[in-house]
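Paired with subunit B in one complex and with subunit C in the other, subunit A is shared by the two complexes that follow.
Take a look at the complex of A and B:
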């Protein structure tokens, strides 16, 4: 039986939702599933992973692991794989996960499939290809299998289980401690990030002018979601690149995606088409977005959105 | 008001692309021979150099660890290659003489039947195939696929191919070309260094062979710097093509003339279409129009969409599906626009970059391959004992002048220009030129810069079909079908004036098949702002012909063609 280890990334005292999603998925594969939390003073958050299907949670708790640097994490994962016999290591997509997974792949001479959206019990991954127009089955030829899943690929589902928390040995290679974190910069952000949000309100050129992004922001706030933008408006400097969804931006799959004044060019579509419910508000009835929206509203968003925001607020309060 | 694109020159000078080396000597990357561009010319040169190295191992040893390096700005060899293509095998036969047969190359077979059609809006009239266009014994290919094949051959012949690497500056010191500087990677929109910033490097070589293809960035700068330009300016055409999966095989190669282009002299709409079978289940269809056209609303992309609505062509595509799209310019100046010399100290120029294209025959790939092969032989001569580099490189010019390229191009030297006098006069003159093998009319007809023609507007765009997403497509979804996923937050690589008369802004917006230009707000003084979406760019080069200047974006950007 496969032994699966899931890398549990954490921010501000909680395990990232994406990691828990991957853990929940792993728990359905009929394998022996463990999670691993790496950092300093992270013991407190480890047990919570049991609720998402981990039978064991390894904790590597060490002052040298405070900074989110990849190499020390590779050391921890590599020794767990070697000593405990894990044959599969899974990651949820993030900048850190990409660094760690790549380092681990090199260290263990293991194959890494990235950007996967699914994995079956027999060890076949599903990977979108040709700009998400088809899915291809991918596998591994190496003994140890590594995979990074796309953000939002799986929901974090609570199973009510508990995990045994164990200490993972922390023995760092000389070269792993050479890098030092000088500074960590955080983009200022209100509410959830677009990768994590269940609800995304996205604005396009149809908003008319940069100031009108306030409409999207207010609706997002009312819904408890995040704001995203199309390439056209990011190009025009209306909104930061970090919020760009699409072929050359981020790929998201929230439960609800509200598209305001977005025509639905294929470059945008490939970044959000796997959203559960897509609602489009656009005054052009021929806009391509209506071909794949679940609910389309033809009308002036400047009239509709403020009223919608009001209604959402009233319903929620 | 009379508007000419040439009155609004781009903020760019050839000096921007020519610099002395900047890296300290011990940090420069030294290679034997450096080739810029993994297309048919550059790869033929790399393959020929590999053959010579195999034949002369002791000489080859003097070339160092990297005897031959090929820089390619695309994601992979073939990513930026696009052509019809019906290939005359002559160049390949000479390159692979005694080593490979034509049936070992990735062709879609030899041309069987062929038709030339004169189109009106509803009818198609078959006309006799003009003698220059006969394709007997030629092969159908995807140039992108052929390029990938040649790249593998070049690598097994010992060349090092460096994809995702743009050649940004030609390194010139003391009047001699020393190599090139590659482009930086990981810069933000305002040129700032991002987290993944990697500076470019100076790569130096014994001889640098530029094989950049149409609108070559360094080739253009080198022609100016070394005073090599012809008295006749180069002119270009823009080709836009699609590859379709089709329900039923097409049994012949088809070329069309006439509709949707207009015959009137003042429109200067010279061009036509091609429809080629690619095996049993694919067809490629493309439209080519000379960039000397005058109408601000002319859009080759939309003309291709219009062409596909013709009953004769719609029938071929019915039940099929578009799988790829792309665009590229073609140098059309021919013989009269060839450079005065094809070499400079340390430098050889080849292929489409110097305009080795036979417009009446619709061919240039075999010239690119032959010129690359000849460039390799001249470069190799610099290694021979007692050779002077100057004499060795000058032998390239002699070899070109004695080659079939020269004979072919000379014969048809005035044909393209004749079509500046309208379709019918041009057609009649072309017939006379063919009959006399180029002796009549004597002399050379001049070319005029594409950007110099006065613009006019005639509501041309009204006839373009509204895209239905099945047979006809808009520009943005077409950019997607080119595989382009260029990083958006990189510096703008297109040099144009951004405050221009409305006519000019509209001409650019219609001209560009990739929707890079948009007409912005009016300034109140008759001019408008031009807005740019540079990451849409498929690097076709039309802007350089029509008043702007394309420079290479970060390596790895642009389309990722596989079937074009």
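Take a look at the complex of A and C:
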């Protein structure tokens, strides 16, 4: 890797933490690192990427790029790769990033590895596969290399650097502008999203009823984290799908994952087992989650969690 | 309306999935079945066909010849035909090779709408549709949980990290659907009996524009990193205190 370009996703005037984490990682690989911000009226947020290791930040600022749709972004990235000679383009996992990366792969005949948790300077990626039962070292045979990293794979580390902000050309293919955003309804969000959170408090069936998610929310708030849910409770309508962790939801790897009333079935496990530290509270001593939780407490979460929240608050204040 | 549904035949989860250390590829020698995620786009295609009372549903796949058996499940559900791209030169194809082969088959079929499921059941990939759409020069909408086809365009609702999007695109288009979009039907006995008689066509790599070398490679297989000791305690009334102690020891509070 000699010249690395990092796709910087942004939302409501800030670059996503996951993208900054990938940028921070790229900066440690000894390569020339640039970021690219694509949207409209996004010039103001570009410079902030300098603090995370980008020497250059490209800005593609155009009214046709307002909606977060993938195909126009493929056009912008493909031009940059061709004109500026980038040999590697890195992405942090998201709905948008996956579609952009795959489109770019087809456009440039560039190999794409996804779900990576690490990348070395010599160009080997680490990819957990088959429910994380095997870690595959992957490489690239193509001239341009593309990679998507798992949520939470890297910390966003401030380097104190500054970036040169440059304009990227915007030339769009006819077919890239056929899809249009009709409506965007933003979910109300308190605190960090589960992709961005260092701490996740997740709730399962063991909470007993939807109202008891308040226990998870209060503990998450005390810890400065986000709330996640299992498929069972999302299917039951207790919590929104955007919070679902597991095989059919998101894969997360926060510093701390607190599982409340979650049995730890394989479908959930695959979404959270790469968390740094896992704490589980469950009344069933035979729950599978106790096999891989760093600390498992067999007990009634309705008794333990309120006390735990108080204790966390006491330490924080 | 002609709808193509792209599906993948994957090793049956019940028989266990493993990587063959000799090839560093997923062992596909056992029984193959249609990926769980792919019954949702098949169902959606059938519903669209039923609502208009006309049209055709074609399942399109790439895989070993034995994959035809797995595609029969989609035919048993009600799809009209199956097309399988199968060729020794496509073995071990990655995203690039798979996208090229499927796009080649889809170009021959020229459907109004191409549907995908939300991810693969074995490789965990969730982006093939975007590569296929790029090859076909068609608009793409992914993760769609509500799909409306009307007046020569599609409108898809979906959920992203930040909220709900509604995206519209003219046909022909490529759409990947989420598993919340519908409840797939079970094949009826009559459907199962009739599936074998439905047209099933195989295409070679040459028929769809040739094989494309993979852009990615597997270097080595390693065991997952050890998680460290799992510690289990029984709450004796001081469970919360013990958790705090543990978290403080790890500098997490």
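Going forward, the second predicted complex is superposed on the first by the 313 of 317 C-alpha atoms of A that agree within 3 Å, B and C clash if a C-alpha of one lies under 4 Å from a C-alpha of the other, contacts with A are read in each partner's own complex, and residues count from 1 in each chain.
Basically, a residue touches a chain if its C-beta (ideal position, glycine included) is under 8 Å from a C-beta of that chain, and two chains touch if they have at least 3 such contacts.
Everything numeric in this text was worked out from a predicted model, so none of it was measured.
Identify whether subunit B and subunit C fit side by side or clash on subunit A in the overlaid structures.
Once subunit A is superposed (C-alpha atoms), there is a clash between subunit B and subunit C.
Which partner does A:220 reach: the first (subunit B), the second (subunit C), both, or neither?
The answer is neither, since A:220 touches no partner chain.
Touching A:119, do we find subunit B (first), subunit C (second), both, or neither?
In the superposed model, A:119 contacts neither subunit B nor subunit C.
Does subunit B (first) or subunit C (second) touch A:266, or do both, or does neither?
In the superposition, A:266 contacts subunit B only.
By the touch definition at the top of the document, which applies to A:231: first (subunit B), second (subunit C), both, or neither?
The answer is first: A:231 touches subunit B but not subunit C.
Between subunit B and subunit C, which one contacts more residues of subunit A in the superposed model?
Of subunit B and subunit C, the partner in contact with more residues of subunit A is C.
Just to be sure I read the superposition right, which of the two partners does A:281 touch: subunit B = first, subunit C = second, or both, or neither?
A:281 sits against subunit C, while subunit B stays out of touch.
Regarding the shared-chain residue A:248, is it in contact with subunit B (first), subunit C (second), both, or neither?
So A:248 meets both subunit B and subunit C here.
Per the contact definition in the header, classify A:105: touching subunit B only (first), subunit C only (second), both, or neither.
second
Is A:135 touching anything from subunit B or subunit C once the two structures are fitted on A? First, second, both or neither.
Only subunit C is touched by A:135; subunit B is not.
Please state which segment of subunit C collides with subunit B in the superposed model; the candidates are 74-82, 128-136 or 164-172.
The answer is stretch 74-82.
Indicate the residue numbers of subunit A shared between its subunit B interface and its subunit C interface, in ascending order.
Shared contact residues on subunit A (touching subunit B in one complex, subunit C in the other): 241, 248.
Quick check: in the complex, which residue numbers of subunit A touch subunit B?
131, 231-232, 234-236, 241, 244, 247-249, 265-267, 288
Taking the touch rule as given, give the residues of subunit B at its contact with subunit A in the complex, in rising order.
Those in contact with subunit A are residues 469, 476-477, 479-480, 483, 485-489, 531, 533, 535.
Per the contact definition, I'd like the list of subunit A residues that touch subunit C in the complex.
The contact residues of subunit A facing subunit C are 11, 68-71, 74, 94-96, 98-103, 105-107, 109-115, 124, 128-130, 132-142, 145, 148, 173, 175, 178-187, 189, 193, 195, 199, 223, 241-242, 248, 255-256, 273, 277, 279, 281, 285, 290-300, 303-305, 307-308, 310-312, 315-316.
Note which residues of subunit C are touching subunit A in the complex, please.
17-19, 24, 94-96, 99, 118, 122-135, 137-143, 155, 158-170, 173, 179-180, 212-225, 227-235, 239-244, 246-248, 250, 252-253
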